[in-house]
Amino acid sequence: MSHVVLEDVTKRYAGHVALAGVSVSVEQGEMLALLGPSGCGKTTLLRCVAGLTAFDSGRLTIGGVDMTGVPVRRRPIGMVFQSYALFPNLTVRGNIGFPLTVRRETKTGVAERVEEMLELVGLSEQGDRLPNQLSGGQQQRVALARALAPRPEVLLLDEPLSALDAQVRHRLRDEVRRIQHQVGITTVFVTHDQAEALAISDRVAVMNAGDIEQCAAPSEIYTAPSTRFAAGFVGNRNTLELRTSGGRVTAGGAFDVEAPWERVLCMFRPEDVSLRREGPGARALVDVTVFLGATTRVYVQAEVNGSPATVFADLPSRAAASLSPGDAVRLSVDPGHVQVFPA
Amino acid sequence: GGSATASGDYDWAAAPDESKIAAQGADLPTYGLAPDWANYGEVVKTFCAKHGGACKHADTDMSSAEEIQRIDAEKSNPVGTASDIGLMWGPVAEAKGVVPAYVPPSASRLKDWQKAKDGGWVATFVGVPSFVVNTDKVTNPPKSWADLLKPEYKGMIATKNPTSSGTGQAMVVAAAVANGGSVDDLSPAYDYFKKLKDAGNLSDVKMSEETLEKGEAPIQINYDFNGLAQKNALKAKNVNVEVIIPSDGSVWSPSGLIVNRYNTAKGDFLKGFLDYVLSDEAQTLFAKFGARPIRSLNGDLQLPADAKANWLPDAAYSAVKEIEITKVNPERIVADWEAKVLA
Amino acid sequence: MRRRIFLGLLGLYFGLPLLAALLYSVATRWTDTPLPDGYTLDHWIGVFGKPDVTSALLRSLLLSAVVVVVDVLLVVPAAYWSVVHNPRIGSVVQTIAVIPFAVPWVVVGAGLQLVTASFAPGLFGTFWLLAAATAAIAFPFMYWAVEGSLIAAGAVRLSEAAATCGANPVQTLTRVIFPAIRGGVVSGALLVVATAMNEFALAKILVGAKFETLPIWSARQFVSRTLGDPNALAVVTIFTFGFLFALSALVVRLGRGRVSTIGRTLR
Amino acid sequence: MNWAPALPLLAFTFVMLVLPATRLVNDTFALRGGGYGLDNILRVIDNPVDRQAVAGSLGLGVVQATLASLLGAPAAWLITRMRLGGRAFWLSLMNVASNFAGIGLAFGFVALIGSTGMLTLILGGLFGIEDPFPSTGSFTGMNIVYLYFNVPMFVLLTLPALSVLKDDWQEAAAVCHATRWQFWRHVGVPVLAPFVIAGWLLVFTWTIGVYAVAYAVAASPGSQKLITLQIGATLESSVFGLERAAVLSVLLMLLAAGTTVLYRLSLKRAQRWL
Amino acid sequence: MSHVVLEDVTKRYAGHVALAGVSVSVEQGEMLALLGPSGCGKTTLLRCVAGLTAFDSGRLTIGGVDMTGVPVRRRPIGMVFQSYALFPNLTVRGNIGFPLTVRRETKTGVAERVEEMLELVGLSEQGDRLPNQLSGGQQQRVALARALAPRPEVLLLDEPLSALDAQVRHRLRDEVRRIQHQVGITTVFVTHDQAEALAISDRVAVMNAGDIEQCAAPSEIYTAPSTRFAAGFVGNRNTLELRTSGGRVTAGGAFDVEAPWERVLCMFRPEDVSLRREGPGARALVDVTVFLGATTRVYVQAEVNGSPATVFADLPSRAAASLSPGDAVRLSVDPGHVQVFPA
């Protein structure tokens, strides 16, 4: 049986629908990422699970127990807030020990567990500092340790990394993942950063306008989005709006795929585009190249079915080095990597 | 007054139980009966000592109206005991029902208008509204009400405010009599003060010993006995003060004593005290302060010479008239003062 | 430079009346000369040697302490609940807070005198009524300070975090919220103390001589019908100002100037 | 919704503040002879002294609020830019001074600028200036005294609001080639205006309600009439009815309610861009 | 001649060195990225150019003119702050027009230029909104338009994108680049995000501890960092500390390069690591794979010269799909892509 189950949960704010009947379940020990644009209802969903927000209809069970009427403090959850919400007057140890002391655990029991958690998040040295003496990344780890200290069954993380800068974010992302693996705790992780969602989770639930559009493993979400929204939201994609003929769409020779509608959107990833000097494919002229490090993004102006279109391709930087603005190239995309949606 | 409901079973009309006086006076909160006012500190002390007690006399300064109101407000939890009033407030207190129906034996020595009809208040001593002048500052002190109008006293004259002060109200009566009016017709006083105000001679500084000392308000219209006390006090600081009885007339304005009808717990003390203030001993103590005892005014008391040491020579008082001040309605003065002087 | 001059003049304006009072408190005789004729510490020694002054001071301090405790106990839970759970409480309280701000306290006292006479006559003239009335007129200062620091401390987030940690509302309030808003409570308390130490109208109307506070004592010197003691009044004035200033400076410094002692805010 | 934790405070303030206020409203309309009517109000309107007092209080409120804003706004601005030491000093001073509205204050000013005050005598002695200061009981004199607590009051009220003015706006204006004056004209003043107006309104209300100082400096017949003094006089002189005090108190409450509405509106305006 | 030239600029804050003698020049029309960790002095440098901070010694010229003593508002610069610093009381149009109106340009002149700028940044629709009615990305564009409106010679951008979330940041990055190209303005762009620096600029200056370590084209910075700091800061790199023998270091068969020191740090990029089932290279076991979208990061445990080491490789996701934890692989790195620094 799934560990956390939401069935048809709805929530309205003054007429505005924040959750439009969401159903999703999280397996024991799994990390589920909730991914979606700002305002799509991610936080609301997480807060409903925590009990911080009451939903209007639907059902929530954790470990098979219906959570209706169970107050926040009696739910088997730990939570990390986007702003961390560390208690400013308590030291790192005090913060981590807080959920234990309010449960009236013994002093030595608390102290032991706190040391264990400090070890886990690598802050043994900083135990006696106050939160405002810590960097953002360290604060984030304290918040995580505090959430984990009372051994909750479920861990809820609301954009825990978004306040950090890129480098720290990457490091901590891997660390959160490591800790989650190590503890083996069922986790829901809210983010609007698709790279983060893909990197960290066992499954990703793509949310849009209060509903979950697709819930699947990261690679599936990335390679086989089931809706146009998911396709556009996860990863960078070229989008061409094209007219079909005879149930197929040919993009000036770039690709040729089936398309059961009259007008379609063809979406494909920049790393699936190949640019060659010679050979088959649509004619295109190199416009700008943007060096991204390992890859270089090459913008080309192509003529697709008689109208001009801008397409970008991500090539290994070494391969892109030979291209300069104005070069004529042939553009092609493996038809297996083109997603087609009705326009 | 004297309804059984409000004052309990205490029999005000009966003679006081002298044996209880010492105990009842042990703690003595008074309103507007300050120890430094007209020698009341001595009077109380002597009375208590006479009955083998030592009173702890603590006073809150109040105007006559406030005293009456206060006694009424706290009737179910009475605190106040005795209060000094401007005598025109005696009938008001009686009408309000805050004084007991007890006429002390010694009151037989007073004229009818000098004591309550049904009991509860008696006149104690008289003062004469007069000019208290800092002669260091004013080398040519005013001799009469008419003098006060002279331009040389511009901005120098401070008075009490008749809208709230008994001294101020007595001043109005004195000015009325001096300017051809009477207790039944105070209008000459209003005309006079209007002129004084329009001439710019009234200071807007507060009347007090301090402003007198510093010459802030070098001419103050105050009771003669207060002026004499200030004169003595300031002599110690090398400041010269003269008390001048206006040559064009003033009045003998009595003060009185009221006792709190509701404070039955101290009933015997209060009855005894009401009687005592008219005794030779108490009246002499008033005289020593500089205030004329009421019985002395009535020609009913021979004072030793040393008691009169502080007095101005009798000749100074030749223009001072005796009036039935209880005919004056103090609330009327407030209204008329506002309408005819301030407006 | 211009700001130096501006601040200097302002400082002069605030300092000179105090200086005058200070000189008066150490003057032997001071009539119409720019400076006193001589100086003495007799007034200071004399004033604090007087039992009525020392006991008035103690009474004022006791009153302040009781009022602060009452205000903290009443205001903190209400402000907390308003900020975290029910903002409508805030609107109601803010509306009530207008009363002591706008209505002279002497009128509040008179109104209370009338009300107690009808409803609870036994209470009139008691210390507890004075304490309650003072707490009532001073409560907006505490409320504004506490509400401000609750918002600044992110009380909503902190409460939610405490709830997910398993804390009940009382634990949340005592262990998380209160320590986080201590600065605000202290600055509110400071204003409440300053109010209670200076308040005179209520004390006069409600208790008077039965509980003579320092302001009542001062008033007795200043407006007494007979002999006041201006030098003693000067001593008490300077003492009260100095005492509150020291308290205030301590609070501001402890808060490193961030927890300003601002009770009223324009938010 | 849940009101429980606020009930003690609400009950307490209800009994201690709302009930007395209600009682005053009642007394405004209750007639001495029984029944209700407008007589009390009409009597106050008819009384020239009460009219003077209302005019005096409103005038004092306007002048004070304006002066306090003009002096307090730059003072508050300078205080926000001070280091800890200076800020602690000025904040403490403002703090105590804002509450120093009592007898001590009146005393200090009389000793300073009374007709035999220290400064008066110094100015008279050194420069031969006669009567350099108005009497503290006059309208002008009162204004001098009232500023002592109103400037600090305004400073304390607006200090938190000043933090909305970000330093980088000044820098941004500079890189936009604006002079300091242009910055204040186009950005600084418009942004602060709602807060200054709100502070003005609060100081106005506060000034009108002050009693203790007025009582100490202006209780003689010649001095400035104020609403609070009229109320005080009624309480001191009337045994049988406090109707006039009630009417004037209700007037004060209405003024306060009015300014509170304006104050809220003004702050709402600020919310538009904050 | 270079457009903006700094020569040996130093700045101290209370003994702390913020700029330790920086020399750098920016060519006409060039975009220079200042890249470095927090606190390295990027903002200080930018503010020195703007004149918002005065430097202690050194020289700054813009267009050949010495800027010493030139006040901020007379410098030919436009600046975008990290927080945008939009004027909250002015509309979008008001903000963009501000630098023009303060110069007293004509109303119509201002209005025309404002429309032009709105067009440029794509906000023609939002011209009458207040800043707080705009999203972060829109605010950023207003700030840019405001900086460009008065046609400054030099544009200074202080981390203009760091407050935005990842997706918006990527989009705006390209937009800033497009606008800079279009306007052709000399630009200094401060960032601590290396991907951003590489993508946006013509040259990158890598700063560390108040000094510039390397200043070169993005691809050079990426592939041939001249210092260990630059190597570690730009892009992800594997770092192995190894012992040399005979002037060479062999990493257990993974690579074999020259190394003129006894102990060295070998750094190489994850995309330069190849993992094969068979063939030459060091033996390694697959540990975890992290799906990043186009690529998958594969962590392997290798044995390098007798001690265990963790190495990560970025493989195209399709290639990585065949690897699972526990698989034995051969790890190799093209020696041309290994940077060697003394340990």
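Quick notes on this one:
The letters A, B, C, D and E name the chains in turn, as written, and every chain counts its residues from 1.
Please note the rule applied: a contact is a pair of C-beta atoms (placed from the backbone, for glycine too) under 8 Å apart; a residue touches a chain by one contact, two chains touch by 3 or more.
Heads up on the chains, UniProt names are A, E = ABC-type quaternary amine transporter; C, D = ABC transporter permease.
Because the structure is predicted, anything quoted here is derived from the model rather than measured.
Both chain B and chain E are touched by D. Between chain A and chain D, the least number of touching-chain steps is 2. Listed here as common contacts of chain B and chain C: D. A count of C-beta contacts for the chain pairs B-D and D-E puts B-D on top.
With centres taken as mean Cα positions, chain B sits 89 Å from chain A.
For the pair chain C and chain D, the distance between C-alpha centroids works out to 17 Å.
Taking each chain's centre as the mean of its C-alpha atoms, chain A lies 54 Å from chain C. Rounded to a whole number, the gap between the C-alpha centres of chain C and chain E is 55 angstrom. Annotation for chain C: residues 31-32, 114, 219, 222-223, 230 touch two or more other chains. Residues of chain B found to touch two or more other chains are 62, 206, 210, 214-215. Chain pairs recorded as touching, per the definition above, are A-C, A-E, B-C, B-D, C-D, D-E.
Interface residues of chain B, counted against chain C in their complex, comprise 29-31, 34, 36-37, 58-62, 70, 72-77, 79, 136-137, 167, 206, 208-210, 213-215, 226, 229-230, 233, 237-239. Per the touch definition, chain C reaches chain B in the complex via residues 29-32, 113-114, 116-117, 121-126, 204, 208-210, 212, 216, 219-220, 222-228, 230.
By the touch rule above, chain D contacts chain E in their complex via residues 166, 168-169, 171-179, 182, 186-187, 190-191, 272-274. Contact residues on chain A toward chain C in their complex (touch as defined above): 50-52, 71-75, 77-79, 81, 83, 85-90, 98-99, 102-103, 146-147, 150, 156.
Note for the complex: chain C touches chain A at residues 153-154, 157-158, 160-168, 171, 175-176, 179-180, 182.
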